[in-house]
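There's a structure below that I have some questions on.
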Amino acid sequence: MYAINWDVWLPLCILASSLLPGLLIFFLPEERVVMRTLLNLGGASLKLVLVGILIWGVFNGHHYEFRFSLLPGLDLVLRADALSLLFVALSAVLWLITTVYAIGYLEGSPHRSRFFGFFSLCVTATVGVALAGNLMTFLLFFEMLTLVTYPLIVHRGTQEARRAGRIYLAYTVAGGTSLLVGTVWLYGLAGSLEFTSQGFVADLVTGHRVELVIIFVLLIAGVGVKAALLPLHGWLPQAMVAAAPVSALLHAVAVVKAGAFGIVRVVYDVYGIDFAVSLGVALPLAILAAVTILYGSVRALFQDDLKRRLAFSTVSQVSYIVLGTAIVGPVAAVGGLVHLVHQGVMKITLFFCAGNLAETLGVHKISEMDGVGRRMPWTMAAFTIGAFGMIGAPPMAGFISKWYLGLGALEAGQGWVVPVLVGSSLLNAAYFLPVLYRAWFKVPAASWPAERSFGRVETSLALLLPPLITAFLSLLLGLLASAPFSPLQWVRFIITLEYVP
Amino acid sequence: MNSALTLPSLLLIPVLPLLLAIALMLPPLRRFALWFAPWAALPALVVSLLMVPGVSVELPWLLFGSYLGFDETAGVFLFFTALLWLVAGVYSTGYFSESCSRAWFLSWFLLAMAGNLGLIVAQDMVLFYTFFTLMSFASYGLVIFQRTPEALRAGRIYIILAVLGEVMLFAALVLAARAAGSIEFVAVQSALAEAALRDWIIGLMLLGFGIKAGVIGLHVWLPLAHPVAPTPASAVLSGAMISAGLLGWLRVLPLGELALPGWGGVVLAAGLLAIFYAAFVGLLQRDAKTVLAYSSISTMGVMTAALGLGFIAPENWPLILAAILVYALQHGLAKAALFLGVDMVTAAPVSKWQRYLLIAGLLLPALSLAGAPMTSGMIAKYLLHVQAASVASFWAGWLQVLLPWSSVATCLLMARFLYLVWPRQRAGSVVVVKTRMMWLSWTVLFMVVVLSPGFLPFSAAEGLWLPEKLAGALWPVVFAGGLAAVIYWLAKHGKWPFHFRIASGDILLPVERVLWPVLHAMMLRSYRTLFKRRFLLSIYRRVGQCYSGLVFLLEAGENGFRRWAVGASLFLVLVMIFMFLAWQIIF
Amino acid sequence: METLTLLSWAFDVTLGLTLMWLAWRALASEDLFKGIVLFIAFGLLMALAWVRLDAPDIALAEAAIGAGLTGALLLGALAKLEAGAESRSRRSEILPRPADKTKVFSGLLVFLLLALVVMLVYAIVKLPPLASGLSAQVAENITASGVSNPVTATLLNFRAYDTLLEMAVLLLAVLGIRSLAVVQEPRGREPGAVLDMLSHLLVPLLILVSGYLLWVGSYAAGGAFQAGAVLAATGVLLLLTGWLPGAWFVGWPLRFLLIFGLAVFVAVTLVLQLFGASFLEFPPSLAGSLILLIEVAAALSIGVTLTALFLGGRPQPEPPSSGRAEKRNTSGTQPS
Amino acid sequence: MSSDLFYALTGASLFTLGLYALIKHAHILRKILAINVMGSGVFLLLVALAAGGQQAFDPVPHAMVITGIVVAISATALALALMLRLREASGLAVLPDTSPEELSEQLPEAPSDVASKNNGKNA
Amino acid sequence: MLAQSFSWQVTVIILPLVAALLCFMLPKWGRWLGLVMAFAITGSVIVLAYQVMNQGALRYAVGGWGAPLGIDLYVDGLSLLMLMVVALVGLVVSVYSMAYFKAGKAVHFWPLWMLLWTAMNALFLSADIFNLYVTLELLGLAAVALVALAGGVDALGAAMRYLLVSLLGSLCYLLGVALLYHSFGTVDIALLAERVESTPAVWAAMALMTVGLLFKTALFPLHFWLPPAHASAPAPVSALLSALVVKASFYILLRLWLEVFSQDSTAAAQLLGVLGAAAVLWGGVQALRQTRLKMLIAYSTVSQIGYLFLVFPLASLMAWQAGLYLLLSHALAKAAMFLAAGNILCFGGHDRIADLDRVAQRLPLSLTAFALAGVSSMGLPFSGGFIGKWMLLDAALQSGQWWWVAVIIVGGLLAAAYIFNVIGHSFTRAEISHEAKPVPAIMEWSALVLALAAVLMGLFASWPLAVMDIGAPFGGGGS
């Protein structure tokens, strides 16, 4: 007689809680809306509960690890460490919200079973990325993420969608390859790929400095594609043709996050921050991130398509995470990591709102947004909160990250980061405030491009509630940043682990 | 006040307007909220009057752990700020006849109010900054409320500068927090003295808050924004919110901690420049509210100069601070009274006693601003003058000399204002229906202005009402009045030789002229067309040519392989190559 | 003795050179028919060479199969080619003879082939002078094999597994050809009198020869393949004289005959396995008779199979099924 | 050089000769002939080398060659059937390695081939 | 006695042979007989696997004669895995063919297919190079006959060319056998491995046999026959050919190189690697250019075969394992792809990639199968292809021959490009297709099962890798 050891199986259950519904959904006929919705929401809720249990367990000293041998000496490891919990929790929460939104958004559109199937798989892969306990596992789920996101991007099947999908693939598959080569190479040198909180490379490899630098570049290039680091960001603005829930997934929950998370993993748990510094790779990474931040913002300025503007904004914002990671110092790291959560919540709000505009009014371009705040005040209120968060205005969540980044940069003696942050905030304001201005203060046009009526409410509730919730969250995350169980507190805890041996 | 009530009452100050603002946005609650909205500042006023200074409360869950507190500075600021907001709020009920636009206006109004009141009781940088930001952005709604082209332009300029100020402040605050290792004002002020990047921090602070405070060079939004806002908004903008920047300086800058003559000189000089430059430009304006706005800049120049004095003479700081506080108070009240009065003049038919009241109501605050005898303005100027005299420094000397002349300048401005505002014809531009509340609020404010010298609790003021001191305060007013009369007479008879004018916004205009076209060009000829046209296209073509060549190669190659003779020959070739490779080993 | 050696050496050289010349002519001849005839001659001379190499078994096989039946197959195919050519445009029969005209290409090819020959020759010459081979082992075990002809012993005992698979290959060829469903040309002409007479004389004789070869195979040159080939020759002769298998025959009886040899082979070995022998192990006591049994079956099957190869395709036009209709359509032409 | 060795070399030559024809000639029937010639060459080589030295008569290669011959005729038969089927389908007994245009350009060049074939048939 | 003389190895060979005879004899029952026998063969392969895993590598003397005189059957991890993948693919293809072939062609398909299976099982079990020649011929002729089963001009031409290639390759191989036999007096691989030395004859044999087998394996630049043959054959046949048949000749090559030609052949090994690299790239680029789905898949095979040859210059244990792993997962994936393509072809009547949108949306299972198999081909997780690629990369990096890494990478990217080129078309907005034939569910599921198997290869790699080590087939190859 032996009881099931939940310490082993819980991570797998978390994975399965979206994998199985996803697979089941594939086989559902298109008309079985209720069943599909039940599966979707059931899976999402279950995952949330399981993640809750996981967090509770970790607090109570449980060590969750699932291990499965893939190759001799290489295991598929799902482990719940502090860092992964952060990402898992983020994905779980946002997934539930996004699911609600997606159900509302895609109401009545074709191929929903396919969509939601991949949707669930996408989250599965993300959770896998989050829980990966070694680089190999990370790579596996990372690549899986690439694959299952593709159908979502091309879901609409239009010419642009397919083009976007192609570009997305071109970038991500190439990136995945780079990651693969880096991983294999590293494995050859180190003989292990287990994430350890101070990095394992320094302990296991002696010499080979040049190789290690090359591997670092390969790994960062690999994950950097998804994180949309500067020369590798091209897919992200293209991918905005996808439906709003997909954009939300791409930009907030899954893809971009996975990339940023990967960079964190590589820098902290593979190389170890000290070793990365001694290799001289941290500073270039930070500079790259800084350049990306500014570049993304500048490009965003020139976009008339709302989602495209948001996409470039993501390019810029995600690099905050990278920047925080690459600046050597615990405080900056807190800023970077907490931005992982904050950016997710804020950007998902923005994309939800953009989706609402498109879905309800047919508004896609910023130039069509005149006076949209009067027609859809709730949506635009959420959008406003998100936008201010992006600008980094207090007390939104974005401010918290920015504050810590600035503080951390100074702590690490890298004052040049502050102007970057300032410049980015300025640019953010420059491309968000005009949008808000149009929406709130301009006189609406006589008619909207494609208006749909939803009765008393401005749009359907399933579309309206998610952005409101996330907007509220992004306010709350900033306002109550110091409250116990806030992401900030959690990230501080993580960083203590990474920095204190 | 009971200490158990400290936290709730302090919290209530910003939260009440916030809640009301939210309630206003929710249609079901709107009617209800409209009733209470004008009175949202009342708790703050009560607190400012009743609470004993020197309390502080920590809110560990808020942001990075925040502090709310109430000290003397906060007391003064809270008093006049709350009063102004209250008055303006009540005034607005009469000003806006339509409930819809009133609700719309009040939403912004309350948000800005929450920011402004909140930042006064905030005791750490982050919370302060949060409220400051709230105020800044909410003010935008007030500025562009009228939606006229001027309002929109003013709003644009305002928001650009506000955002600039925000980010500069962000940088400054981060630097300060890093230097201090804390975000509490107390800690920061003392830590800043030794901070490595002290000059950066101070510079950024001065600029960041300076935008709000209308420091010369960054003042350009003020004369644009204040006139176009609805009158109650102008009143709080010019009276209360402008002081928020000042409060920021007072809270964060290491004043009284160490002597920074360099900064002191710069700030003092800027202040002096602002006083006279703004007065000069203001005199050339043709809109009453614009003149008032320039007057604000000018007055803020005085306070800036005082700040500079504080840099130069840290040992005198407590007294300088007192002077600044008095100055801020009297300026806020008087300026608000003037702004509100502008509309009273143009408002609906007035009775006779109302007319007298109106004359008094405009004249007295104007005199107060100018520092005429028996006004709080005089007290403020006097306090400052004493401090300027006690500091031995090049710039302080200038301040001492020029301070009375600032009164002259203000006085001239006021004369210009009165000239412009004086009702010449009956065509009221604003049709006001419910004037009762307007009269009520304005009267209350006017009374406070008049009575303020009485309750200012400054010991130094005791010897103030001596004749020589009164005379010292009087001459600038008389001089300016005479000058104004002369100019008026000359102008009336067409003998005034100077006819040029400077549009409001002064130095902004050339900047705009350069900036907008550039921005427009960038926006229109966007990135894509700019770069892709020639360079990328040519590359693309070249790649295309290579590509088609490659395709041909591939096709021809594969077709070649398909031909049996070629394929089988390749087989033979491979056999031979393998054999050859083997033979190399043999021989 | 020396003269004899010299003579035989001269004979061998002449034979070899003739073989090469014949092969060359057969392949290079402009006329396909001539080429095939030369190829048959080449096969016959090959048989002679086998005899010179002390390989009478191969010689028999070569003569019967390599030269005889292959020749018949080739000629039959050529006839069908031309029959087809008559029914359609002549031009379609015309062939671009040299696949590539470029001299450079040919030159290169020749050069490469010459190099190949040189290398092969070098390799052969450098082979160890005394290639022991397996003759000793064969001699050792010949008694246990049940037959005295070492070649038969090797074929049907030592390496019986090869033979089993080889019969599968043969079956496969028939299967393949049947699946291709080459439509029978209607045989319009009567056999000439000579051929008819010949067949009457030859058929019993050939069957007799076949039986003899089968029998003799256990101790001298001969065996199942040779016997089968002779049987097949009989069949081909019959076919040439216009005999066509009856309708009753072309169904399962024919199929049964085709697989008969293989089936017996498998059955024997399976039965033996039941009695504890390993796969394809013949108990020495029974080996002779078992091998004979297998050979008989195999010879019969081989004969039928080779005849079927000559016949080509399914002998009986099946009732038009959907599959066939499809096939016709894809080919686009209806044979007359 | 013993005659066995000579036969072996003959085998190698036949192999090469067949290979040449296999590569060069377009008609499938010729290719089939070439394959057979090559096969004969290999068989010759296999047996001739085994006969090296009069004392040892190695039956194993003999068996192999017999097997090989049977395999060869099987392959030949299948190839011929396939060729006929291909001819029936495409009208040409050549490999589809050249484009139709190319082929039709080459067609008028060989009327002599037809003539000689007709002669052969009559004979 | 029975226990010793009876061997499942024999069963594995005899069963399909008997099946072929039965199917031929009883054409009306052919389909069901074939299916039952397919299950039986698979079952016996499983039993054999069980036996081998318990007892290690097995050698079986056919006829009780033993190596130099008789023929040995030998099964170790390498051959066992080949047998198993043949069984798995074979079983699924059999099930698929039940629905695919209608009465007319089924009569021919089943005996031919069973003979093909016989040939493959015999080939993988044989330890005798001449016996291998016979199995190779059996295999080649069966494959050609199966290709010709499709009946069109393309198929016939392709089959003809395939036959010639097959025969030429076999003859070269046989010439090599002759040279080896006369050098060392044996045709048993194990004995040859003991006796082999460096002589001109061995090197000539090496060249002839290697290139002969390369021809059959369709390594660039000798790949030209493969795409037409594999593309024009009926779908199940394409699956068998691409998944298994080309692997058979590769298997012989691998065995020879591991055992017989293992010494001093670095230059030749490098050449094989170079050719493999060229194949990877050329095949990938050509696949990218194709407009027809089955052609694309066939060129993908050309490309994937190239990977197998990259292991020769690396020649480490890890590399051999990687190669074998790639081989196995490619077999599964490619079979799945061809079956899926067959479904699409069957459904819409064409396989033009540009017009797939009309078809692919209606066949989600087939498309899924194609996509999953594609994932394996690209070497993305989770799939057997990924594991194989991982190990190959590892081996390449460890040997310091990093340039192969570049080839592997580019190959993977090309694969991604051409796979997603197809998948992308399936996401276009659906239009009602004018005529569509329903595809039996069993056909769709068959493709999916194989694709899933390829995916599972990526999750359960330890077991195949453990099986690979039975009998240490690569022990001699490690340098």
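Each chain gets a letter, A, B, C, D and E, in the order it is written, and its residues are counted from 1.
Here is the rule we use: a contact is a pair of C-beta atoms (placed from the backbone, for glycine too) under 8 Å apart; a residue touches a chain by one contact, two chains touch by 3 or more.
Values in this document were obtained by computation on a predicted structure and should not be read as measured data.
Annotation of chain B and chain D: jointly contacted by C, E, touch as defined at the top.
When every chain is reduced to the mean of its C-alpha atoms, the one closest to the centre of the whole protein set is A. Greatest Cα centroid separation from chain A: this falls to C. Pairwise, the chains sharing the most contacting C-beta pairs are C-D. Distance from chain D peaks, on a Cα-centroid basis, for B. Chain A and chain B have Cα centroids lying 37 Å from one another.
A separation of 28 Å divides the Cα centre of chain D from that of chain E. Averaging C-alpha coordinates per chain places the centre of chain A 67 Å away from that of chain D. The centroid of the Cα atoms in chain B and the matching centroid in chain C are 106 Å apart.
Residue positions 15, 19, 22-24, 26, 45, 49-50, 52, 60-61, 64, 67, 71, 74-75, 78, 82-83, 85, 89, 95, 97-98 of chain D each touch two or more of the other chains.
Of all residues in chain C, those that touch two or more other chains are 99-100, 109, 113, 116, 119-120, 124, 127, 131-134, 138, 158-159, 162, 166, 169, 172-173, 176, 180, 330-332.
Of all residues in chain B, those that touch two or more other chains are 562-565, 567-569, 572, 575-576, 579, 583. Each chain pair that touches appears in this list: A-B, A-E, B-C, B-D, B-E, C-D, C-E, D-E. Put simply, chain E touches chain C in their complex at residues 1-2, 4-7, 10, 14, 17-18, 20-21, 24-25, 60-65, 68-71, 102-105, 108, 111-112, 115, 118-119, 122, 130-131, 134-135, 137-138, 141-142, 144-145, 148-149, 151-153, 179, 181-183, 185-186, 199-201, 203-205. Those residues of chain C that touch chain D in the complex are listed here as 8-9, 12-13, 16, 19-20, 23-24, 26-28, 30-36, 39, 42-43, 46, 49-50, 52-55, 57-58, 61-62, 65-66, 69-70, 73-74, 76-82, 84, 88, 90-100, 106, 109-110, 113, 116-117, 120-121, 124-125, 127, 129-136, 138, 150-151, 153-155, 158-159, 162-163, 166, 169-170, 172-173, 176-177, 180-183, 223, 225, 302, 306, 309-310, 312-313, 330-333, 335.
Within the complex formed with chain A, the chain B residues making contact are 25, 60-65, 126, 129-130, 133, 137, 141, 144, 147, 152, 155, 159, 163-164, 166-168, 170-171, 174-175, 177-178, 197, 522-523, 526-528.
Residues of chain B touching chain D in their complex: 559, 562-565, 567-569, 572. On the chain A side of its complex with chain B, the touching residues are 299, 302, 377, 381, 388, 391-395, 399-400, 402-403, 406-407, 410-411, 415, 418-419, 421-423, 425-426, 429-430, 433, 437, 440-441, 478-484.
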